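What follows are several structures.
In the two complexes that follow, subunit A is the common piece, with subunit B as its partner first and subunit C second.
Up next, the complex of A and B:
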């Protein structure tokens, strides 16, 4: 009950660092970032220009850290940031930014705009301007264990079913395993096949793995809401479990921002390097493919395209793994024009999919048109992705436009066609 | 001298091969595609002599000299000979009434087809009385001749921009051709005097393509006036290295360094002197050790003195050092203040819990 403007401004003052100072000074107002953002391209509304979404942060930087800005503030030329203003910006910085990072890719002066959005959210969170949807998800993650309010018994249930379906043992809390497998709630609830697929692949490759009963959830709503303190609490669960079980690797699930949270933000949040490696499931699969372990008994015949999740590919750096894997299992893979690091976001990343206001949902449906175009231009009825959140958001989009597109998870697709 | 040009050239000992080479060179100078050289040669070789009327107004005859006497005998000179120059006071044998009759006859016979060349500016004060020919003012003659011309070539800076007669205080009220004639295509070939090859280039283009070459915003053929003297100057590397002659007889002058500080107007002058050179390619002003006067630019006479440098830098080192000291001082101060502020913000941070997300 203590969020306040004062705390928000203080948080902004705290997060403004040398990169942000240089970005704001380098910005030439060219507007190229607008054309990289699906919220602008699909609506044509200039308020969705990525750099504009940071205007309050820019003003705080100018007023607090530059000579001219301080002068302007004194003589009243630069108005201080107000609570009302932050309230207005809430929809810009949460509903209409999925932190997909496409804007950072195109900036001609090299400004990492999405880096600034992440930092700006610290101030938004501290001042209490956070959408209820993400707030709820964060609350459930901290209090119950996952953003959807799942508890271990639900996971245990999925494990038991997977064991029955595959006839393989799925170890829990086993010390010294090669991989600690993490899941995202989305997978537990909507795509339980993921765990079955993994069990099959691990058994095939002869790799030991385990799940941890006190750290099964990979997602981190603290990152989405933009609060490092809460994000640290959530990520520490995984770090503690992995270190207690003395695993060599932690396997991030397909979920995009879970990978970002553990692999890239994690060590910075806890302030030291990990004692284990963080591996994305696709990286592991690609490694197994190269070793020749992934042999297919059959292939997927229908034409399909790939949706590269932003947090794994563009921002996560797992650039090359997906294509050879899909070519392994699909006869008719059609590369799209904007692929890999140039792919368009599903429209629901960065916490946006947790916001369920009417406006946010309408906007999400509108920006899905960019994906709709990609699907229609390729003329396919199957799209494969490797992020549970992308998949669910795009399924909603497909339903909204009454398309006949089928969405598949890459790991699942591979497992289905894997040699027995 | 009748018949196609190529025959006349042959009689004077110019082979077809030499002529072709010349046309190709001309085409490349005008930045036309290589094939244009051949087209040009064919068109010019077969061309019947186009009627040209040359009207000299308030001028010094330097432009005529430039073309007819600067170097002997060249293809430029000969092509110049090949046109049917029906009226040119300085060159024509006729005088008095005969000359005026020739002018009238040429205008009548070739109405709408002749090329009108003008050199010299046109005085407008006192009803144009400052310069009259055969009892008629220049402006009157120009308007009459322009009416039947296919196109007008303003030869030299006076005709193109008003030139020296227009120099402050402009006692005769001199103006350029384009100040008076608005309804005809006008090519300005400025220069005091202009380069002969520019004249033949424009003529060749006109004969070959039946149109005037592409012009810049001052009406000059882009092919010759597209770049500054400075851009194409062989002394440019010295400018880039900061090596300047300080006087006309110092070490720098002897070493052939840049003449910028001695008032060279090369950086603001568009002309082809640096590439085409003068006197049959022998030399040009900068090569002979004197800066460019900017004679092909409007109002060059009043541009502030031939020996005054275009710009003089403030003592850059002293100024720079002072600015650096002030800048560094301010930078250090701001940096300390900002660090303190950020430290304070960090100290004020209270660890956020779930409850803190609510207002």
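Up next, the complex of A and C:
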């Protein structure tokens, strides 16, 4: 994929639609979106004001789609968007935006700012202004199958180990199963217990499931980088496998962006509705809880708080599932003030955690202070979440500040205490 | 041109020109924006209570949790000057008479002492939000010529109107003519500046509520 400024500007022209036009015309520069963004609240630097991150997109809109802007362009009064400028904006759109969508919740005129960031990234990707970390992850997903370069034999290995640990069969490429289980590389590598947990829960609930050897990766680096063509290729693998295996549901793993990619962007990327349902693992677990299948043999005693991953909760709509599930397994769950759709991001979503420059890592550590405060205010040493990426990012934050906080995955926590 | 001729002009041809540009400008801008359209969302919707475009159109008039505490000037100052403007523009008897002449619509006016008070409070709130724009790093950083310009063209009609009614500074006829002129400038620039949010905010809130409502999130 060769990138150029011209391609970038064209991509921006293509993504501009009526909502974006309406949003830019509504902005009154009140700056209230800054208060909603952890990159502003934790640094105090006005350049992190969410709407400012879209300035080049706004100018392309004005110059191409408004009468006055076109006039100004003709007489040479407007400043064209340049490569240098987009280069400067790269860190604003990727390093310091996790697409958490909190800004879209507070804008008084109603602007969906994160919607615009997602679209702006299309132009950034097409013009070649993308952090190397995300570029690499995207390339590996396209060429090898996953953002971490993981191949099927590694997954097969995890499956075999999970079978040994649980004594349960984990089917692969089985037709007609109720659920096609997707994983995220992060889980396969760092939290293989996830698969064990699922196997136990499925067996208990009498639900059939399968993995697909040609579509195990649920994450979609194409969406994080902002390239819809690549995102479509990646999501098509899952759609093809699900349709070939004739499954009723595809189970999205805990990972937040994976859920966004398959559940909400997926049908729009391939240009048609799915023939199967996409279910987030917490939705399934909550359903099983309501059916009384999810019985606990013991509970977690220590006080804990919950971190709601942005892409699953605020942006994904799985608003209510986590709380009753955590209450089922934990004796001392402490609800925090900014929870559910108001939760603060871990600081590493939207591909940000794949950026390993010194500046990006220092910024990530800095903005983790918002989570640190939440943990300290609640006075707990355990935080539960349901996104492998959030968990890794927050573990790095915990290490950075030398805190004694333990991070747990909700599905695993449930599985650990599940009645045998 | 003497004062009377000036007043006659702003009341006659001046007003016609301004209203004409305003109406055509608003229609053009609305067309220019909303004719861009958008793609249909093909993902299976999730339904949730309170999650829709219409809900968000209303809900966004209420500050988010903790918002007023974090940015008191923006919220309280903003409420006061918007409501104040509405009271002064639509509650003052001579304004209602003008609207009646233009459109045939009419409603009872508010007592003139109350309008006086509303005008003063509105101006005070506008000055406070202006100072906040100068003082707050984020607001100052975001501000462009357009922000100072639109503040001025919004402030002048209130100021000149109040001065005219109070018979201050200039002879009544001159001040009244200046007042009408300032309103005409406001009408002309409104469709082409950030003041157009008065129209697009409904669409913006609706789109945001709709897109997120599709996912079952009340925003």
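Quick note on the criterion: the second predicted complex is superposed on the first by the 419 of 420 C-alpha atoms of A that agree within 3 Å, B and C clash if a C-alpha of one lies under 4 Å from a C-alpha of the other, contacts with A are read in each partner's own complex, and residues count from 1 in each chain.
The criterion applied here is as follows: a contact is a pair of C-beta atoms (placed from the backbone, for glycine too) under 8 Å apart; a residue touches a chain by one contact, two chains touch by 3 or more.
Just so you know, these numbers come straight off a predicted model, no measurement behind them.
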Which term applies to subunit B and subunit C once both are placed on subunit A by superposition, clash or fit? clash
Pick one for A:290: touches subunit B only (first), subunit C only (second), both, or neither. neither
Look at A:362 in the shared chain and tell me whether it touches subunit B only, subunit C only, both, or neither; answer first, second, both or neither. neither
By the touch definition at the top of the document, which applies to A:65: first (subunit B), second (subunit C), both, or neither? both
Taking the superposition as given, does A:74 touch the first partner, subunit B, the second, subunit C, both, or neither? neither
I'd like to know which partner A:229 touches here: subunit B for first, subunit C for second, both or neither. first
First (subunit B), second (subunit C), both or neither touched by A:16: both
Touch check for A:115: first (subunit B), second (subunit C), both, or neither? second
Subunit A residues touched - subunit C or subunit B, whichever exceeds: C
Touch test for A:47: subunit B only (first), subunit C only (second), both, or neither? second
Identify the partner contact of A:319: answer first if only subunit B is touched, second if only subunit C is, both if each is, neither if none is. second
Identify the overlap between the subunit B-contacting and the subunit C-contacting residues of subunit A. 16, 65-67
Of subunit C, residues touching subunit A in the complex: 28-29, 32-39, 41-44, 46, 48, 56-57, 60-61, 63-65, 67, 70-71, 74, 78, 136-144, 147, 192, 194, 196-197, 200-201, 203-209, 211-212, 215-219
So, in the complex, the side of subunit A touching subunit B is made of residues 1-4, 7, 10-11, 13-14, 16, 64-67, 125-126, 128, 130, 135, 138-139, 142-143, 225, 227, 229-230
Touching residues on subunit B, where the partner in the complex is subunit A: 330, 334, 338, 341-342, 344-346, 348-359
Footprint of subunit C on subunit A - complex, ascending: 16-23, 25-32, 34-36, 40, 44, 46-47, 49, 51-52, 65-68, 104-112, 115, 263-268, 271-274, 277-278, 314-317, 319, 338, 341-342
